[in-house]
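Next, two complexes with chain A in common: one pairs it with chain B, the other with chain C.
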Partner chain A sequence: MRVHAAVYARGLRRHSTYRAALVAGALTNAVFGAINAMVLLAVFAARPEINGYDASDAVTQVFVGQALIAVTMIVNTAPSLDLAERVRGGEVATDLLRPVSLLGWWMAEDLGRATFTFLFRGVPTFCVGLLLFDVVLPGSPVQVVAVLLSAVLATVIGFALRYLCSLSGFWLLDSRGLWTASGLVAPVAAGMLLPLALFPPALADVLRYLPWASMVQIPAEILLGKDSLPGGGAFGGLALQAGWAVALLVFAAWLTGRATRRVVIQGG
Partner chain B sequence: MKMLTGILTPTSGSVRVVGRDPSRQRTRLARDIGVVFGQRTTLWWDLPLRDSLSLTRHLYRVPADVHAERLAELTELLELEPFLDTPVRQLSLGQRMRGDLTAALLHAPPLLVLDEPTIGLDVVSKSTIREFLLRINRERGTTILITTHDLGDVERLCDRVIVIDKGRLAFDGGLPELRATVPTPRVLVVDLAAPAPAIEVEGAVTVRVDGPRQWLELADNPARVISRVTAGHEVADLTLREPDIEGVVSALYRGAAPNESRV
Partner chain C sequence: MADTLSTRRWGLPAPLRDLAREPRTYARLAWTWTRAVAQYPMALSLFTLGVTLASLAEMGAVVVVFAHAGTLAGFTVYEGLLVYALAAFSFGAAQLLTGSVDRLGEHIRTGSFDTMLVRPVSPLVQLAADQFSPRRFGRIVPALVVLVVALVMCDIDWTLERILMLPVLLASGVVICTSVWLIAGCLQFFATDAREAANSVTYGGQALTEYPIAIYGRGLVRSVTYVVPLAFVSWQPALHLLDRPDPTGLPGFLRFLGPVVAVALALVAAQVWRFGLRRYRSTGS
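Presenting the complex of A and B:
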């Protein structure tokens, strides 16, 4: 555990070295969020309520999505975990020489990165939303805790999916195709592009239970206190997220074992 | 190398390294060995070298005081002080290699595995690293397993040499035995007082003439040949050249088509 704490701290510090990228990123998220919010406001001007969502719910979800975009990294169509490039280039060999598990090492590093990004890119982006639009804030301390916990679980799920994409490189040799596909599907399925409430209800109900929804739609619904959550409340939403986080990590651990037994190290 | 460190699972046969099966006990074995791949780095690209080195303390569970002591010693031996606080991405290749060596040795492993540690390095860095390796081998008793294409590494460092040709063992033994396997003759270089026709003496064949200088391949005791040469010619200077290891190894591979060769 000590080593993972140390790796986490280094992941955090490592990303703090790119300050200009951070400011540029936050600005991009805020601008995109504003455009997205204005489009949705136009939609809701025509119809004040769609499947239980009103204009304020929709813009809130937009800024939840924009605040978590760089934390979960689900819209990236290029590999967003260094591990992917290390598998492709063969540097993963040096990762395998450490006396710790590959999964634990990379998760600690990525959570360090995510923490830094959440604090210095996600939170400012959300504040821009608060200033410019009618964005909703959590109503009680319990809800604040629920939202933060939900964001943590979203981060873990985002990591697990990206880790799995990276591992696929052991079989595919180059995982970039999978990253592109996942970067196109994920924002739609997550409710990042549009809240799932705007989808046909039958489709929305299926998407809500897939892992991508746990990275935007479910956290947004927990913040908004929606009864469309599994089980009708925040607890059900968190349970769904936790279920996906555990399932994906267990699968990732199993796949790591398979990958390292049939490993092809590229580049000599 | 990758099988020895447990990264690759052998398709057949078995390996034991410091009493362990590498592919089954990879993470456990990692505690007992230090590994440096010359073309890859284990250091954190964006962070100062110091951060990567302090991480090894947690990674290998080394007590803080022991870690500090070893780091101080290695810092002195490898002259790391000037760039300990420089981000790894700004280090030169030679500096990075010294950093990687330090990272591999901070947990004092009994076995150090080096895969082409001097590849691409300048002459000064190469010799610093060779001197350092000799020293830890002598003083700490660390076993060093090294693969290299640089035969200078072999001549300077190795007690035991294994030559592998296309996956097959071509030689296993000491450096003198390696020299003896291939009968590359020693060469006597003779500088005569004045240009002369090729020297003809018993026990040697003149292979090259360039003005007053002549090259004689020896088939007999050099002392005898030298006395014969000096008896018949006025000699300004004499040098005896041992076959270099490069010639020996290339002779070993000759016949078979040259291929990926590891020493």
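Presenting the complex of A and C:
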């Protein structure tokens, strides 16, 4: 556990060195958020309510998505976990020599990165939204806790999906095709491209239960206090997210075992 | 000897001859990169399919948005798709031709830009052709298909002038996007890790121009007309083709200024590139 805490702290420190990139990134997220928000405002000006969403709900979801985009890294079509490149290049052999599990090591590192990115890129992006638009804030301390917990679960799900993509390299040799595919599915299925409420209700209901929705749509609905959440409230939403986080991590642990039994390292 | 002979036969002054050589060098470099990526045909086709599906998703979003709103800024869904297709085509073509310019910071950081500078080929041509990939056609082809569909479905009064103007408007759009791309890329001469900030102008500009820009309000329309002239990529051409008055009240002659704006912006971009190149000092070590 101490090792994981140390790796977490190093992950946090490592990402704190790229400050200019951080400011540039937050600016980009804010610009895209503003553009998406204005398009949605125009839509809601024509129709004040769509499937239970009003203008400020939609704008809030846009900025939840932009604030979490760099934390969960779901829209990246290029490999966004160093592990992917290490599986391809063979350096993963070094990782496997360590007396800690591969999954735990990479999760600690990635959560360190995610924590820093959330605080210094996600939160500022959301604040820009708050300044420019009618963005909804959590109403009570309990809701603040629920939203933060939801963001943590979203981060874990994002990590687990990217870890699984990286592991696929043990079988596919080059996992970049899978990364591209997941980077394309994710923004649509997560409610990032458009809030799922704008999709046909039957489709939205299916997408809401898939892991991608747990990274934008569900956190946004928890913040907005929507009753369209599974079970009708924040608790159901968190349970769905926790379920996906656990399921994906268990699968990842199992797959790690399979992969490491397969691996053959050449040379010496 | 051979050089003097060819000069006499072509009868062109040296600077113009150089200018004529650049596109051929570019084509040769692009072809080299194409052959390189074609070594992995499976990966190339998957990437191309991926890019195509991504454009289809964006298009789907436009359709969904118009389906809910009915009309936006007085534009129906097909007129909205016309705006989308004009923007997507111009940005797609600019990205195909010079999309790698936004990797300038990476080249500076790793020192590969210095390698480009010692080669006897214009560094701009090398930079623009770097990592050229035919997968970017995956963005242009769907845009062209939607453009044709939209042009057929919209109620356009096809006078001879409009028919002749269409390719001019498209070419101006491509030149404007290419210039914006180059200017944004040149920012990295001054801040090497500003790639993402540049993206907010390049990809952000694309996202902005995919919808009738009147929905963003008068202030923004004025700034993308007079400051960063992205309005001439899709908005003004669409107004001209559809023969609409500008709903934000800007003068009607603006829609004919696309080519002028394109040439002016290209000259600015060239100056910015030269300025950056002259100021460039290698990163050392």
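The definition used in the following text is that the second predicted complex is superposed on the first by the 263 of 268 C-alpha atoms of A that agree within 3 Å, B and C clash if a C-alpha of one lies under 4 Å from a C-alpha of the other, contacts with A are read in each partner's own complex, and residues count from 1 in each chain.
Everything below uses one rule, namely that a residue touches a chain if its C-beta (ideal position, glycine included) is under 8 Å from a C-beta of that chain, and two chains touch if they have at least 3 such contacts.
Since the structure is predicted, the reported quantities are computational estimates derived from the model, not experimental observations.
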{"item": "Touched partner set for A:Arg14, first chain B, second chain C, both or neither", "value": "first"}
{"item": "Partner chain(s) touched by A:Ser101 [first = chain B, second = chain C, both, neither]", "value": "first"}
{"item": "First (chain B), second (chain C), both or neither touched by A:Glu85", "value": "neither"}
{"item": "Chain B versus chain C as contact partner of A:Val3, first or second or both or neither", "value": "first"}
{"item": "Chain B versus chain C as contact partner of A:Ala181, first or second or both or neither", "value": "second"}
{"item": "First, second, both or neither for A:Asp134, with chain B first and chain C second", "value": "neither"}
{"item": "Which superposed partner A:Thr260 touches (first chain B, second chain C, both, neither)", "value": "first"}
{"item": "First (chain B), second (chain C), both or neither touched by A:Asp54", "value": "neither"}
{"item": "When both partners are placed on the shared chain, which of chain B and chain C touches more of chain A", "value": "C"}
{"item": "Partner chain(s) touched by A:Ala93 [first = chain B, second = chain C, both, neither]", "value": "first"}
{"item": "Shared contact residues on chain A - chain B and chain C", "value": "18"}
{"item": "Residue ranges of chain A touching chain C (in the complex, touch as defined)", "value": "18, 20-21, 23-25, 27-28, 31-32, 35-36, 38-43, 45-47, 50, 77, 174, 176-177, 180-181, 184, 187-188, 193-194, 198-199"}
{"item": "Of all residues in chain C, those that touch chain A in their complex", "value": "42-43, 46-47, 50, 53-54, 57-58, 61, 64-65, 68-73, 191, 193-197, 199-200, 203-204, 207-208, 211, 215-217, 220"}
{"item": "Partner chain B, residues of chain A touching it in the complex", "value": "2-3, 5-7, 10, 13-14, 17-18, 90-91, 93-94, 96-101, 260-263, 265, 267-268"}
{"item": "Chain A contact footprint on chain B (complex, rising order)", "value": "2, 5-9, 23, 26-28, 30-31, 35, 37, 39-42, 44, 46-47, 51, 54-55, 58-61, 87"}
